[in-house]
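In structure tokens below, several structures.
What follows is a pair of complexes built around subunit A, which joins subunit B in one and subunit C in the other.
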Partner chain A sequence: MSSPLHHETLAALSAKLENRTLTSVELMQTFIERTRAVDGRVGAFNSFDADDALEQARASDARRAAGQARGPLDGIPIGLKDVIAVEGQPLTASSKILANFVSPYDGTVARKLKEAGAICWGRLNLDEFAMGSSTENSGTHVTRNPWDLERVPGGSSGGSAAALAAGAAAAALGSDTGGSIRQPAALCNLVGLKPTYGLVSRYGLIAYASSLDQIGPFGRTVEDAAMVLQAIAGHDPLDSTSFRTEIPDYRAELGRRKGPWKIGIPKEYFGEGLDPEVSAAVQAAVGHYRGLGCEIAEVSLPHTKYAVGSYYIIATAECSSNLARFDGIRYGHRSAKASDIVDLYFQSRAEGFGPEVKRRIILGTYVLSSGYYDAYYLRAQKVRTLIRGDFLKAYEKVDAILTPTSPTPAFKIGEKAADPLAMYLSDIYTIGVNLAGLPGMSVPCGFTKAGLPIGLQLIGKPFEEAELLAIAQAYETAHPWYQRFPKLD
Partner chain B sequence: MKYEAVIGLEVHVQIKTKSKMFARVGTGFGQPENTLTDPVVLALPGVLPVMNKEALDKIIKAGLLLGCDIAPVCKWDRKNYFYPDLPKNYQISQYDQPLCLGGGVEIELPGASRNLMGEHKRIPLTRIHLEEDVGKLNHFARESLIDYNRAGTPLMEIVSDPALASAEEAFAYLTSLKQTMIYGGISDCDMEKGQMRCDANVSIRPVGSPKLGTKVELKNLNSISFVRDGITHEIARQIAVVEAGGTIIQETRDYDGQTGASQSLRTKEEAHDYRYFPDPDLMPVKVDEAWKARLRAECPELPFDKQRRFFEEYQVPYTITSVLVPDRELSDYFEVAARLVPGKAQAVGNWITNDLLRELGAAKQTLAQSKVRPEHIAALVKLIDEGTVLNHAAKEVFVDMAASGDMPEAIIARKGLKAETNLSELEQWCREAIAANAKALADFKAGKDSAINGFKGPVMKASKGKANPRVVDETLRRLLAAM
Partner chain C sequence: MATTPELNIDHVAKLARLALTPEEKATYSAQLGDVLAYIEQLKEVNVDGIEPTAHAFPLYNVWREDVVGPALSVEKALMNAPAQRDNMVSVPTVVE
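Coming up: the complex of A and B.
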């Protein structure tokens, strides 16, 4: 197969670098040119530094020439969502309030990528502070879906998904608080993995909702995602919520784990609001697993209907506190109009934050207020425990749970922008996974008649990413939808 | 009408740790502005807190020293409010589950005189919790600058019950608390460096009334004396308001120790809603029995317990223990010396509290810097007791020890300060003295015991002051009895 370099899998590019049929500089040059060619239409990037990227590529080639290559990611350009701190690079969260902020430090995943030799390539657009499902809430610009430029790429990690789908990076990192990796992966024909809460360090990730946020990879294939996950997973002494657990060799495990698996289908995830084409594609995938000899069992997650409500209480409560630090005092946007200290806070934040961020801060402030805490926050936490309990009960019977990732394929830009509630429902199938702290991934499972990608979601047991990836690959091998590319040229 | 005061104190004590509560950067006072900072302290985007275990050890130790119940789990909450000295605009603190509950502080009220022990009381504590300190604002004519060096320093909040009845009790409470913290190695409690800060809740009520009056919070009381003065001032102010027919409003007042005046900072209506909730960045930490047992084993004896023991074990009077005990190092020093010369603890105590402290003061030395070690003091006391050196000569020996660090035997030899112990010569001088003073001999024989002193002067003179008075006394009595 002779696809252009920018469409090749990370695994294939890694092999070419290793057998010296490709240099990192050539690869980097390819992505820089590709980015320049397509990003004017796609808008995946907030910024990129071509000179710095090429310098990193040259360093990688030098290491390889000296026999000191650091592993399969050495010399591979990986795009980062603009909420992940990389020393010396802008860190804006796509917000005006951080428009001129440059990170003076490396977050843990950036450090780990660098240690693996990967090139931290570009700052990728998102819904401001990762609050949204379409990347329309970005404070900089709207990112478009490479499969249909009139449509959204999903969100909040829309820039990461769009950059990879458009061939502007070999893989990308996003963050997922309620579906922000999986939903854009589904809408852009990519594999997207949200790891178990605690598997990947959050140090250096601008917090939206601390108890739900996880950084995870986007890859063209399951194997690509596994390779990136390998580099970023593991306990970090700088993150008290990171978990001490043995990290397996995810890529090697892919070949070892063959199933057959018991797969659970939650009836609550196939109800009202699910697009028929999405439903049909996901049911076809279920059929495939059955064909592989997997046992398919209906499971019940009875508290699913409370997930969206609980999520918006917990996430907004945490964000109201997490975003308090953006005050114009030590860094970030400071209003020129302010007359005193209180006014400085009001004006700087009024000018710096966009409407969705303000909406969530106000909601979160309200639910934490004296007298409302028990009725909202405390109750939502109890529901959260019940939701996790639903999943753990299901896992007594099954190895993984299969659902649609998103109720619909990519929607039109502006279609839901005026209706926050409709937008919130885009994450109806993904939010429960964050509340339960489980690993979840989206895998391409076909296209609509109109040519829009569809994703299926696989949800695994805590810290069983290796199993989850193997289950996903069992489908992908037979259905290599990743070999299709958007027509941007 | 007569009024009584009801006072509760909230004391903030910085815990002495190498690094900050949730960051890896060091702590300290007096460093150039904003040098004790890192991305975590400055709350840069993306950073996370990681708990300092040393701070947790020390607050548990403080709790054990003060007899608190230690919570089985250390849980963290966020206290949300905006102020420029608070980098995250929330403070990591403990809200509904403080690490230490109950307990108390033993205090001593002033005695009838400086040399007399005063009344002891136990002031019950409500709670102690752990949090992080804030930065410091420096105000100038047109702007304010922020120094974040202090931000993130581990800070204990020690809350007493409203159980103090006077400014003197508050003074005694803070003095005792400070000593306990220093004893436990928990904090240096230097109020000038902000290591210990105190807010006081003060109310008054008619004597005997069971109902509490409206409380006023006094802030910025930055020395133990200012706490006493501020409370005295506030009690008088409240009584004056009530007697003039007014009512006390719940408010926070700022007391200025320099001018002795207070002014209102804010009233209750302006109180914050801190929107406390559990900090999702920090996992609760289990405090198990083994952990507590390990810390309990490290807990020192409390000052007042030590004072009582010194009295019982060494028969050392209050005048000495009240000087020794406030200083743990000095007490330990005393005890080492006292054990080397059993039965002579009071003499040891006198040498330490008079001569040693005087020499330290003159040389501007700390105890650790002094060349005089407990072995020196014990040896000197022993030599005096044996009659080898006389008291006034021993004073000279002591000054020499402090300068040279030599053992007293060596100094006595070097300086020829050895007391006269040639008994036949001494006996001869005694016989001569008795023979020379017939009147004193007659008086003594007639039963006037003090007449013996009439012989001592000539003996001492004959010995050029080197005779041991005790030996002189014994010799004279032996000779007189035989006459």
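Coming up: the complex of A and C.
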């Protein structure tokens, strides 16, 4: 198989750098040219700094020439969602309130990528403050799906997914609070992994809902995702929710874990609202696992129907608290027309935040307000316990759970924009995983007749990413959908 | 399904320190009414005796040594401030 350099897997690019048939500067130049050629149509980037990226690439080539290459990611350009701090680069959360913000420090994942030699490449678009499922809520511009420019790339990490699918980066980082890595991965024919809560440090990630947010990788393949996860996973004293756990060699483990596995199919995830073509593709994947000798068992996650409701109470409550810091005082937009200090808060926030962020702040403030806390927030946290319990009970008899990632393929731009509830329901299969803190990933599992990508979700046991990746690769090896690329040329 | 709870948007917007236009108030009230009606279904769940989950993997007593570590310089800490003077963030008059 021969594909253009910008569509090659990270693993293949890494091998070429290693055996000196490619330099990092050549690779970076390729992605810069590709970005300039396609991003006018796709809109994945909020900004990029080609000179800085080429300087990082030259430094990588110099290290390699001196025999000091730092490992498989050295010299590889990786795109970052514009909520992850990289020192000296813009950090906007795709919000007007942070339009001129420049990071004074590196977030932990950016520091770790740099230590691995990777190039932090570009600031990738998202739904403002990661609140959305289509990237239409961005305060900068709409990102388009490279597979169909009339459709959304998913969200909130839509820029990360679109950049990788369009061949404008070798891999990307996103963040996932209710499906924001897995859903855009599914809609763009990519692998996307949301790690177990606590595996990857959140230090330097702009907070949306702190008890649910996790940073994770997008890759073309399972192996690519494993290679990026390797670089960013691990305990960090700067994030008190980060977990002390041994980090295996994910890439090496891929070759060692062969199954067969017991795979659970939750009947609640195959009901009303599931697109028939998505259902058929996912059922075909189930058949593949059965053919590999895996035992397929029906499991029940009885509280699934309450996941979206529980999520929109907990996430908005946390968001209303986290976004209170944007007050126009220390950083961010400050209104020029305020009459006094209190009015400055009201006006700066009114001018700086977009509609979806305002809606979620209002909802979150309401569910935490006096007289409503027990009825909403406390009850939602108790329902969260039940949802988590459903998964842990299922894991008494299965190794992993298999579901669709998204109920539908990519929808049309504007289709759900006026109906927040319809948009919220597009996360129905991904949200439970965040509430339960589990690792989940989306793997390409086919295309609709119209040529839109379909994703399969695999959900693993806590901190069992190595097993989850191996299960995903067991499908991917036989069904290399990643070898198909969108026709942007 | 239970009736939609009353959301007093003026009160909540004030708590959130958010100035809203009359059009925003009307739109958000209607949209959030739909969302709240949907959320009402949580009331069907029996949560008697169930402990709330704040974090999926709660960690307690996360300590570090009480030693001074690296911190942002004054220049970096102030580099995004909308207005500053004498190494401080400057704000409108708070007390006359």
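In the analysis below, the second predicted complex is superposed on the first by the 489 of 489 C-alpha atoms of A that agree within 3 Å, B and C clash if a C-alpha of one lies under 4 Å from a C-alpha of the other, contacts with A are read in each partner's own complex, and residues count from 1 in each chain.
In the analysis below, a contact is a pair of C-beta atoms (placed from the backbone, for glycine too) under 8 Å apart; a residue touches a chain by one contact, two chains touch by 3 or more.
Since the structure is predicted, the reported quantities are computational estimates derived from the model, not experimental observations.
Student: Looking at the overlay, does A:Y429 come into contact with subunit B only (first), subunit C only (second), both, or neither?
Tutor: Neither: A:Y429 stays clear of subunit B and subunit C.
Student: Given the touch rule stated above, what does A:I341 touch, subunit B (first), subunit C (second), both, or neither?
Tutor: both
Student: Look at A:S211 in the shared chain and tell me whether it touches subunit B only, subunit C only, both, or neither; answer first, second, both or neither.
Tutor: After superposition on chain A, A:S211 lies in contact with both partners, subunit B and subunit C.
Student: Answer with first, second, both or neither: which of subunit B and subunit C does A:W261 touch in the superposed model?
Tutor: A:W261 sits against neither subunit B nor subunit C.
Student: Return first, second, both or neither, reflecting whether A:K382 touches subunit B, subunit C, both chains, or no partner chain.
Tutor: A:K382 contacts subunit C only, not subunit B.
Student: In the overlay, work out which of subunit B or subunit C sits against more residues of subunit A.
Tutor: C
Student: Touching A:S321 in the superposition: subunit B (first), subunit C (second), both, neither?
Tutor: Touch partner of A:S321: subunit B, not subunit C.
Student: On the A-aligned overlay, A:Y105 touches which partner chain: subunit B = first, subunit C = second, or both, or neither?
Tutor: After superposition on chain A, A:Y105 lies in contact with both partners, subunit B and subunit C.
Student: Considering only the contact definition stated at the top, list the common interface residues of subunit A for subunit B and subunit C.
Tutor: Subunit A residues touching both partners: 101, 104-105, 211, 237, 240-241, 320, 324, 327, 329-331, 341, 345, 365, 369.
Student: Touching subunit A in the complex: which residues of subunit C?
Tutor: Going by the criterion above, the answer is residues 5, 7, 9, 11-13, 15-20, 24, 27-28, 31-32, 34-36, 38-39, 41-43, 45, 47, 50-57, 59, 62, 64, 72, 76-77, 79-83, 89, 91-94.
Student: Show me the residue ranges of subunit B that touch subunit A in the complex, using the header's touch definition.
Tutor: Residues of subunit B touching subunit A: 39, 42-51, 78, 80, 82, 84, 87-90, 146, 273, 275-277, 280-283.
Student: Hey, which residues of subunit A end up touching subunit C in the complex?
Tutor: Listed in rising order, the residues are 100-102, 104-105, 196-198, 211, 237, 240-241, 243, 303, 305-306, 308-310, 312-313, 320, 324, 327-334, 338, 340-342, 344-347, 349-350, 353, 355, 358-359, 361-363, 365-366, 369, 372, 375-376, 378-386, 388, 420-421, 424, 435-438, 462.
Student: For the complex, give me every residue of subunit A touching subunit B.
Tutor: So the residues of subunit A in touch with subunit B come to 83-85, 91, 93, 98, 101, 103-105, 107, 202-207, 209-211, 237-241, 317-318, 320-321, 324-327, 329-331, 341, 345, 365, 368-370, 373, 377.
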